[in-house]
Amino acid sequence: MDLMAQISWSHRAGEGGIWTMMLVGFFIGMALMFVISRAPTRARRPIVGAFTFLSGLFYVMLYLWPTPKSKGQFDIPQGPVESVGFFLQDTVPVVKDFASILTAFLLGLGVFSLLRIHLSRIFKGHKDRFFSATLLVSMVLMMIVGYAQWYQREFTAAAKTTDYGNPDNWTGAMQAFDFLFDGLLQQMDAAMFSIIAFFILSAAYRAFRIRSVEATIMLGTALILMLSLMGLVDYLSTTAVASLGGDQNVLQNFTLKSVSDWIKNNLQSPSLRAMEFGVGLGALAMGLRLWLNLERGGVGG
Amino acid sequence: MDGYTKLKLAAGVLATVGLYSVLYRENKFYRFVEHVFLGLAAGFTVFAVWAETLKVQWWDKMTGSQGEAGSPGTPGFWAYILLLPIGLMGYMVFSKKHNWMSRIPIGVILGFWSGQQIQIFWNKWGPQLNDSMKPIIPTNWSLFRPDMSQMTPEAAAVVQNDIYLSQAINNLIFTFTILAVLSYFFFSFDLKSKFMQTMNKSGRWLLMVGLGAIFGSTVMARFALVIDRMFFIFVEFLQRALFA
Amino acid sequence: MSLAQRLSSINSQFLYLALIVVTTIFLFPQIKIPNKPDQAAIDLYVAVSQIPADKPLLIQSDWTNSSRGESSGQFEALMRILMRRGQKFVLYSVGDPQAPQVARNVIAIINKERVDAGQQPYLPLRDYVDVGFLPNAEGVGQAMKANIRRAFGDKTNRGADGQERTIWSTPWLAQSKSVKDFGMLINITASSTIDVLIERLGGEVPLGLLCTGVIGPQMIPFYNGKQLVGLSIGLKGVYDLEWMMEHGVRGAQTREVAGPDEVVSANHPDIKIPKLEGKNLDRGSKYYLSLHAALALMIICVILGNLTLIGARLKGRKA
């Protein structure tokens, strides 16, 4: 513990020392990775389990340990319990950073996988090599243009004096990025997801049939809900009910909107609440099993 | 509208039409546009992960920053470098011998997730359970709540606090629905009790009401996307840019 | 060939074409469709309108163009409301790396609209701050609860003077030390990022939601459970917001009536929110008639589909 206390975890920026410490840290990390890679087969599950358990333990402690309320920046903890409470609360943003950084590193895994598949298709002369090349060219182009415009916006001398919010001041890279991102990627993103609507329409025409009690209930509710989304139909139903005369305080309960609201609040809401509650209980159980490494076939293997 | 904006819109329209061409049948133009889309999305992710995340949350914190004009700046926390080897372990998934190591970073992230479950369960479901406890015995036996728009605020408050018969019936339906659907989920094995069989069947039927509502709402969502595409092609491009 | 057989042999491509045609044709007529906003949308609008001007908001923008038909209209309406009220806000995203750029594009469009109308544009640092993308929604939510300043870190924005400064240097964020110091957290999303917020920040700050129709029904129990102060669902939700901006909202017992289209809120007996000056009706109004047509087509298709089933059954009985 003394050794840990003597290590300085930070260093002044811009000096050679910080780079040395980073290099040392990197080699220590790689050495640890090498040691872990030599672990015998029977130790692998406990190693992965230990990493998982320790990561989860932090948040469990955060929940169970008394945490200080309204802690000020310069408050000093009184006693060991409060010290741990202070430590836990101060560490939350750091742990968040760890998770974000690891997630970001792992995002690269998908890209790496994409590269492997498509490069191998190109070099092996696969019949779809033209499409693979198209994908890689688009990807590289977006990366180059993205980084180029970002560098110009953030780090060049002109960036300090130029309002790049105004398109008139854009450089070539900025315009190219706008074209690729806003002109192509965003439009394709919207188009790709909208295609599902066509398939839903066709599927509903062919398969949404009143073959059973369940299907009939589902279809009936869906029709009422869809009609209630149409302001014009709702207006007509309200007008029709109003024209009936009589006790409007009672009759207004039978307009399309009132009926659909009643379904939403008294049938749909509790049924979905119960369904989600079941899912929530499942997630809690799964969380505990993962954390305690009890899940067969989980991350522990 | 300047030439560049028109060109940008035309490219977007061409890409949209290319993707929609699959509705007629699978074709090469669709596959070309599809691969451009995937490439651009992957390229943007690579760019954004560094520019929006790793640079700010990892690199800058690790290297620190020098202050400008006499400000002290922030020190660099060099130990952040240790996350790099942990992250690199994820890439061992491609190694036949050491692919088990790729579970370590995933285990860390799942550990963070699982550790939070105890706390979040109550945060999320505590208020839901509380709201599900509804009074089912009326305090006023009139069927409907009277019109309050012409009442004084004091009188309206009294009426507001009363449980009318219709409200009590609604609450009973609400409570029954929750119990029936829960019973359907929890007792999914073969049941002997007639009462439980009826509860389960009611639960399944009531669940269909919820799913019907989801269907209706999802249809609205998907149609909105098509409408937006048509607006883009016919109004933003053709009407406002090309034939303005 | 019988009618039932003819109906069941309709090509899918014919249905696709029908959907394209009806959605396109009904984009052009300029008809003001009558509307009764949902109570959940009214509650959201009232809650946003009642936040004190000196309390900044947190805007978690997690949508991308994959839900542009709904989310962009919601985000545009929200930006117009906040900008006209002069409400300061912190903009960030956790859902998708593309989300910050999409939100920035919308802000640029609304700013252009403001400049054209002779108003001041909304500028980074002076009027809002842009934190950008923070991956790992769960960790971010947890960190925001513990210490919002450290959760967002030393993110910098470039001000109108071209100087790069940390977001926390803005005077209007000086008093915001915890998430409780913000007037509301509004999430614009097409995914489950709102669940993460409810789980981690529920009870810490009022939560508002602008979501797509896909996740909307699952969010109603959270609105009913008062974990969300209000919510706007999908394209109907966009039209609801625009309608309230255009016509104003009053409480059920407010005597002063602005007009026949003014929205009456059952949950707020004595409020009075006047209409907002400027462009209110936009994407929601433009798309709503087409939505009618598309939904009508869907209903007709479902009915026709079932008629073929009934027809086939009757024929089977006769045979």
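By letter and in written order, the chains are A, B and C; residue numbering begins at 1 in each of them.
Operating definition for what follows: a residue touches a chain if its C-beta (ideal position, glycine included) is under 8 Å from a C-beta of that chain, and two chains touch if they have at least 3 such contacts.
Quick caveat, the model's predicted, so the values are computed rather than measured.
Visitor: To reach subunit C from subunit B by way of touching chains, what is the minimum number of steps?
Guide: Graph distance in the chain contact network comes out at 1.
Visitor: Which chain pair shares more contacting C-beta pairs: A-C, or A-B?
Guide: A-B
Visitor: Measuring between Cα centroids, which chain is at the maximum distance from subunit C?
Guide: A
Visitor: Kindly work out which chain lies most centrally, taking the average of its C-alpha atoms as its position.
Guide: Central chain: B.
Visitor: Roughly how far is subunit B from subunit C, going centre to centre by Cα mean, in whole Å?
Guide: Between these chains, centre-to-centre, one finds 13 Å.
Visitor: Suppose each chain is reduced to the average of its Cα coordinates; what separation in Å results between subunit A and subunit C?
Guide: Using C-alpha averages as centres, the distance is 19 Å.
Visitor: With chain centres defined as C-alpha means, what is the inter-centre distance between subunit A and subunit B in Å?
Guide: Taking the mean C-alpha position of each chain, the two centres sit 9 Å apart.
Visitor: Check each residue of subunit A and list the ones that touch at least two other chains.
Guide: 59, 62, 95, 97, 99-100, 103-104, 107, 181-182, 185-187, 189-190, 192-194, 197-198, 204, 219, 223, 226, 229, 264-265, 268-270, 272-273
Visitor: Using the touch definition from the top, which residues of subunit B touch two or more other chains?
Guide: Touching at least two other chains: 23, 44-45, 48-49, 53, 57, 61, 65, 74, 109, 112-113, 116, 119, 121, 124, 128, 210, 213-214, 217-220, 222-223, 225-226, 228-229.
Visitor: Two or more other chains touching the same residue: where does that happen in subunit C?
Guide: Each of 16, 19, 66-69, 98, 134-136, 138-139, 142, 153, 217-218, 221, 224-225, 236, 291, 294-295, 298 in subunit C touches at least two other chains.
Visitor: Which residues, counting only subunit A, touch subunit C once they are in their complex?
Guide: 59, 62, 89-90, 92-93, 95-97, 99-100, 103-104, 107, 159-163, 165, 181-182, 185-187, 189-190, 192-194, 197-198, 201-202, 204-211, 219, 223, 226-227, 229-235, 238, 257, 261, 264-265, 268-270, 272-273, 276
Visitor: Show me the residue ranges of subunit C that touch subunit A in the complex, using the header's touch definition.
Guide: 8, 10, 12, 15-16, 19, 33-36, 38-39, 64-69, 98, 101-102, 105, 108, 134-136, 138-140, 142-143, 145-147, 150-151, 153, 158, 160, 162-164, 217-218, 220-221, 224-225, 236, 239, 288, 291-292, 294-299, 301-302, 304-306, 309
Visitor: Which residues, counting only subunit C, touch subunit B once they are in their complex?
Guide: Residues of subunit C touching subunit B: 13, 16, 19-20, 23-24, 27, 66-70, 72, 97-98, 100, 132-136, 138-139, 142, 153-155, 195, 198-200, 202-203, 212-214, 216-218, 221-222, 224-227, 233-236, 252-253, 269-270, 286-287, 290-291, 294-295, 298.
Visitor: Touching residues of subunit B toward subunit C in the complex: what are they?
Guide: Residues 23-24, 44-45, 48-49, 52-53, 56-57, 60-61, 65, 74, 109, 112-113, 116, 119-121, 123-124, 127-128, 130-131, 148-149, 151, 153, 156, 210, 213-214, 217-231, 234-235.
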